[in-house]
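Paired with chain B in one complex and with chain C in the other, chain A is shared by the two complexes that follow.
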Partner chain A sequence: MKVSQGAVSRNRITMHRAVPYFFIAPAVIYIFFVTLIPAIMALPISFTDWSALSPKKNFVGFDNYVRLMGDKDFWKSCLVMAQFFIYVPIVLAAGLVTALLLNLKIKGVKLFRLIFYSPVITSTIAAAILFEYFFQPSFGLFNSILGFFGLKGLGWVENASTAVLSVIIFKVWKDFGEAMLIYLAGLQDVPSEIKEASAIDGASSWQTFRYITFPMLRPAHIYLLMKNVIGVFMIFQETYMLKGPLNSTRTVVNYIYEKGFQSYQMGYASAMSFSLFLIVLIITMVQYKATKLDVL
Partner chain B sequence: MKKMASLLVAAALVAGGLSGCTKAPAKETAGGAVSQEKTTDQEKTTAEKENGGGEKTPVSLTYWQHSSAARDEMMTALVKTFEEQNPDIKVKLEFIPEGDYSQKLIPALATDTAPDVFQIQSGMVAKLAQTGAIKPLAEEVMSADSITADFVPAAVDGLKYDGKYYGMPTDLQTIVMLWNKKLVAEAGLDAEKGPQTWDEFFDWSRKLTKTEGGKLVQSGWGGKGYAPEVLSIIKQYGGAFYDDAAGQYVFADDPKVLEAIEAYTAPYKTDKVYNTEFVKNWAGFRQGLIGLMLGHPAMIGNLPQTAPDLDFGVGLIPAKGDSHATCVTSWGYVMSAKAPDEAATRFIQFLSSDDVERQWTEKTGELPARKALLEDAGLKSDPKVAVAIESLNDSFVGALQTSALNTIWTEAMDRILQTDEPIETILKDAQSKMNDELKNPV
Partner chain C sequence: MNREKSKKMAVRIFFFLLTLGLAMIIAFPFVWMIFASFKESKEFYVLKPTLLPEKFNTDNFRELFEKLNIGLYYWNSVIVTAMQVLSTVTIVLLAGYGFAKYEFKGKNVLFLMILSSTMIPWVATIIPLYIMANQLKLVDTMAGLIIPGMADAFSIFLARNFMSSIPTPLLEAARIDGAGELLIFRKIVIPAVKPLIAVIAIQKMVSSWNAFQWPLLVVNSDKLRTLPLAIAKLSSQYYDSYNLKMAAAAVAIIPVLIIYVIFQKYLVEGVSLSGIK
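Moving on, here comes the complex of A and B:
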């Protein structure tokens, strides 16, 4: 039986439309089962006194949420987490400066791109162990550098007042490569004709950057801002490994982990997790609206 | 054609991703270690019951332990020996990195898929026994009377709940004293004997401390409030830390506890013998920057490997009066509620037998829990190990043997050492938090 040209054409269009979904399917399935479903399941668990040491759960209503409101340690960990927001502009600036330098046509630029991106793909745990040695007050690399310039060494992770700074330094080193990559991609999209035209009009390099390049990187700014702000809420491995004294680096996620996996209060930990999930969702939606949808 | 190829590639990716969701049954390899290989056999990972009559099918046990190279190697060899001695039992081993151990064990307990025999911190026995996740050792294999008669009380008392033994000890440790012989000799002190009393110990810590330009360059003692050390000095001062009858922590209400903690912390706070910003304590001891340390006997085996040039002495923990009372910490081998009683208890019995304990002590530095081994000439041939074994003669069970309680204690000690808050306030706060932990329903 002959198939009409129209039918063949419709089949091709359908297949053409279906192909992208097959490519994104593994990631979507992964996120659905590993992230979304556990996040949703945290809600019913948060209304129980489940210890996770047995399947037994008793319904306790809103007790966990009421307890959360009065938990001083939870709010202290929120304050610790808030201190890490300073990391966001630092990592964006570091990524942008590096991207601008690597956007120049110089020899070996591809090697430098690889070198600067390598911390991103390094294991956080392994890197943190290394940085623990760098942060050693007596014999660590950083105090040796400070001493070389005649400056007094710091306590770094061993001192409650410098522990957060230490983690921020580590996190900037670890993550700036990703910002660099996103900005590099963004810089490729800035038309060279506009920059050439501004040069002809007498604009300095700084003026070109300030009024042309920087604004045109807006999609990259917005993506990196949103991603890294969410990342601050999720800080765990870095503060788990580089633990400061007096709970100076104990973030909300660290506290949730303690309550869930050390105190075996999985119901309460779920209440905290779900509350954190809602806060992150609200902030993300506010950012989303504030930065306007069209850029995404 | 190109689109068809793209579609096939995409479908392969999806199929590959979904196939990772299926559970590959565990398969026993030679020597007992488990590998996750796909097999067409429908093997169960839980133990099978004996068939009634006729030939007995081997009972299968799954065993989990937290991993280290030395322990993994030893356990693999031990399981082989056990299976040769007990051909009716097969053991599947799984070694899990210590950092991931509780994260893997807890979901297994929550979903009733825990292994048959596994290790837990001894402080967890009561909680798991209450939930019914573990059960007592089979009386017909290891009677409570025989355990009480044969084992050091401090080693097994922590594994008891409601009068029954739920496990046998492993990774048994006390607190002993270590000193850098070179630094001690330079200070004109007796490098072979070490300080005997707390007063002597604190005096040595001051004499071994050196500063240059107001900066610490050598620490006399790297103590920073590790729970078993502090519990030991509290016990020696006659302080009450935990009330068994009331089931409550009471340390904040006892002036003797306060006296002991003030004595322990004075070298750090007043005499400035150590500062956490100087160097990490064990790293400093290895580098020859710290004169005295209190630590577990496991360091006797560890230091020759990690600091081969360090000449160190070992002695009992300092004494108050005649008592060198030292705190015992341990993990326990326990069996899950669904484990076959007899087979699992026989395996645990084997792991705590004379011969196996002797091997653990000789090869890993873990202390033996059996009374008979405390006088074993072979084990005591090494004078350092002999001191460690002797420490068990005056030992007691620690009351802070869960991660949550240790976290609260560490926070309290950080506050005592690094802030000017009144010690009484800090202790009351810690006591309240610890008693709240005890109230958590399971």
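Moving on, here comes the complex of A and C:
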């Protein structure tokens, strides 16, 4: 009797020790199989000529990376991506301006915030359809508006030289609400006493903004800068829907998709995505460093 | 003094009008979409387009549902979203609680592992993930569509931070009363974190409903298409039928907009909960 009671309590103790693992197990298993193992697998796959459709795969060493260096289409897609970086300062500025306006405590702030954030929650694919029509050169809305003011219409997405710009317009409309929310949260952390004190000292509103508010938003600037820079590396849906001629909007991710899932060169596509991953990882590390320094 | 006051007033009115103008520009595509989805095809091919349709006819929606089977894609999106929200909330709450309120071996390493996984962009994992799905015969199945979106690493981080504020003595008291761990979780923890649940559920709902990249890779057959996939296909197949495209966009966007307006508090709160300012 006594022995079995001891066994029961020992069982209870081991059970007790196992409890936390039951709570975290589903999450750990999920992260392991859906993110970590695939991330690790990407490297060995990039050393093969696998098509993923047949079991046949050969180890080709660094061949895919060597090919990448000489692939004109890859470098062209890098160039396209580089053009998209203009988007970053624009979206940050749009977010900051709208946040500053809403921070003035004008009437209807809640409604305005609701409207400014609404594009963020809509499907990129569905919203791109609207802009596809707006950008239409011969009867689209934007050219009708330009025509109303007596201006000549543009080719927008259908012209290789304005295609990236058009996608950027769409992307800024779609995303600036998120920057706005983060700037708004940051603005609430700027103590109004400091602003009042500087106003008493005779600083103009611009000077107060330039020397007090703007520098105090540093954590928001860093977070948004990094987030949107990484976002540019990942552009895919926008340019999947709004395609310019002559591959003028084909980003690296679009190119990875073409090579991996349309030509089934999974090994080669993997080499590209792994290279992209390394660059993004370095940026993320820099971000963590920068935000850490901020806390100190 | 009076002049000063009226100048201030004028500035305020100016900024209000500026904000109003911006808001009208931002909202315009949605307003346009709603009216345009009732237009006829020929109304898109005019030099001076009008906001309002000549007459409100629902033919576009009828065609979408009767001929283009959008009801099926809608249903697929609803199923995928519901399953992913349900499982994400469950997995995230369990893990958040486990990391917030228990001490165990390997806790820090495992948490760091989850945190570091948020730094891995989707592009880095998508090819191996597809190959895994292919080997497990999950390509072009409902399970293959749903499984990779069944949890969210960043939400676990959010949940752990939020749940750390549950007072431990409350849990200890329940333990002394003989309550089991799962009962404590269900009866004490869950009711205490309702806003957190709302934040996680709404964020996941929006991202599942709009998900495009993974579905694009994993779905081949028509019967498994979700709304964004169907819309992308419609857009290239009927590229000159703007009336149908507008109606399809409206069908996909409006439900999310309605839910967003009702629950916007939680989406906004999510940003501040994440502690990034």
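Criterion: the second predicted complex is superposed on the first by the 246 of 296 C-alpha atoms of A that agree within 3 Å, B and C clash if a C-alpha of one lies under 4 Å from a C-alpha of the other, contacts with A are read in each partner's own complex, and residues count from 1 in each chain.
Heads up, the rule we're going with is that contacts are C-beta pairs under 8 Å (C-beta built on N, C-alpha and C of every residue); 3 or more make two chains touch, one makes a residue touch a chain.
These numbers come from a predicted model, not from an experiment.
Judged by the touch definition given at the top, the superposed model places A:181 against chain C, while chain B stays out of reach. With both structures placed on the common chain, the touch criterion links A:262 to chain B but leaves chain C unconnected. Comparing chain B with chain C, more residues of chain A are touched by C.
Judged by the touch definition given at the top, the superposed model places A:58 against chain B, while chain C stays out of reach.
By the document's definition of touching, of the two partners only chain C reaches A:189; chain B does not. Of the two partner chains, both chain B and chain C are touched by A:139. Of the two partner chains placed around the shared chain by superposition, chain B and chain C are both touched by A:23.
Once the two complexes are overlaid on the shared chain, A:246 sits against chain B while remaining clear of chain C.
Chain A residues in contact with chain B (one complex) as well as with chain C (other complex) are 19, 22-23, 26, 30, 33, 50, 52, 139, 261, 266. Of all residues in chain A, only 17, 19-24, 26-28, 30-39, 41-42, 45, 50, 52, 98, 101-102, 104, 106-108, 111-119, 121-134, 139, 141, 144, 147, 173, 178, 181-182, 185-186, 189, 219-220, 223, 230, 233-234, 236-237, 240-241, 253, 256, 260-261, 266, 269-270, 273-274, 276-277, 280-281, 284 touch chain C in the complex they form. Residues 12, 15-16, 18-20, 22-23, 26-27, 29-30, 32-33, 36, 44-49, 90-92, 94-95, 97-99, 102-104, 107, 110, 113-114, 117, 119-132, 134, 147-148, 150-151, 153, 156, 181, 185, 206, 209-210, 212-213, 217, 227-228, 231-232, 235, 242, 245-246, 248-249, 252-253, 256-257, 260-261, 264, 267-268, 271-272, 276-277 of chain C touch chain A in their complex. Those residues of chain B that touch chain A in the shared complex are 3, 6-7, 10-11, 13-14, 16-18, 21, 102-103, 106-107, 109-112, 127-128, 131-133, 276-280, 283, 289, 402-404, 407, 411, 414-415, 418-419, 437, 440-442. Within the complex formed with chain B, the chain A residues making contact are 12, 15-16, 18-19, 22-23, 25-26, 29-30, 33, 49-56, 58, 136-139, 155, 158-160, 245-247, 258, 261-266.
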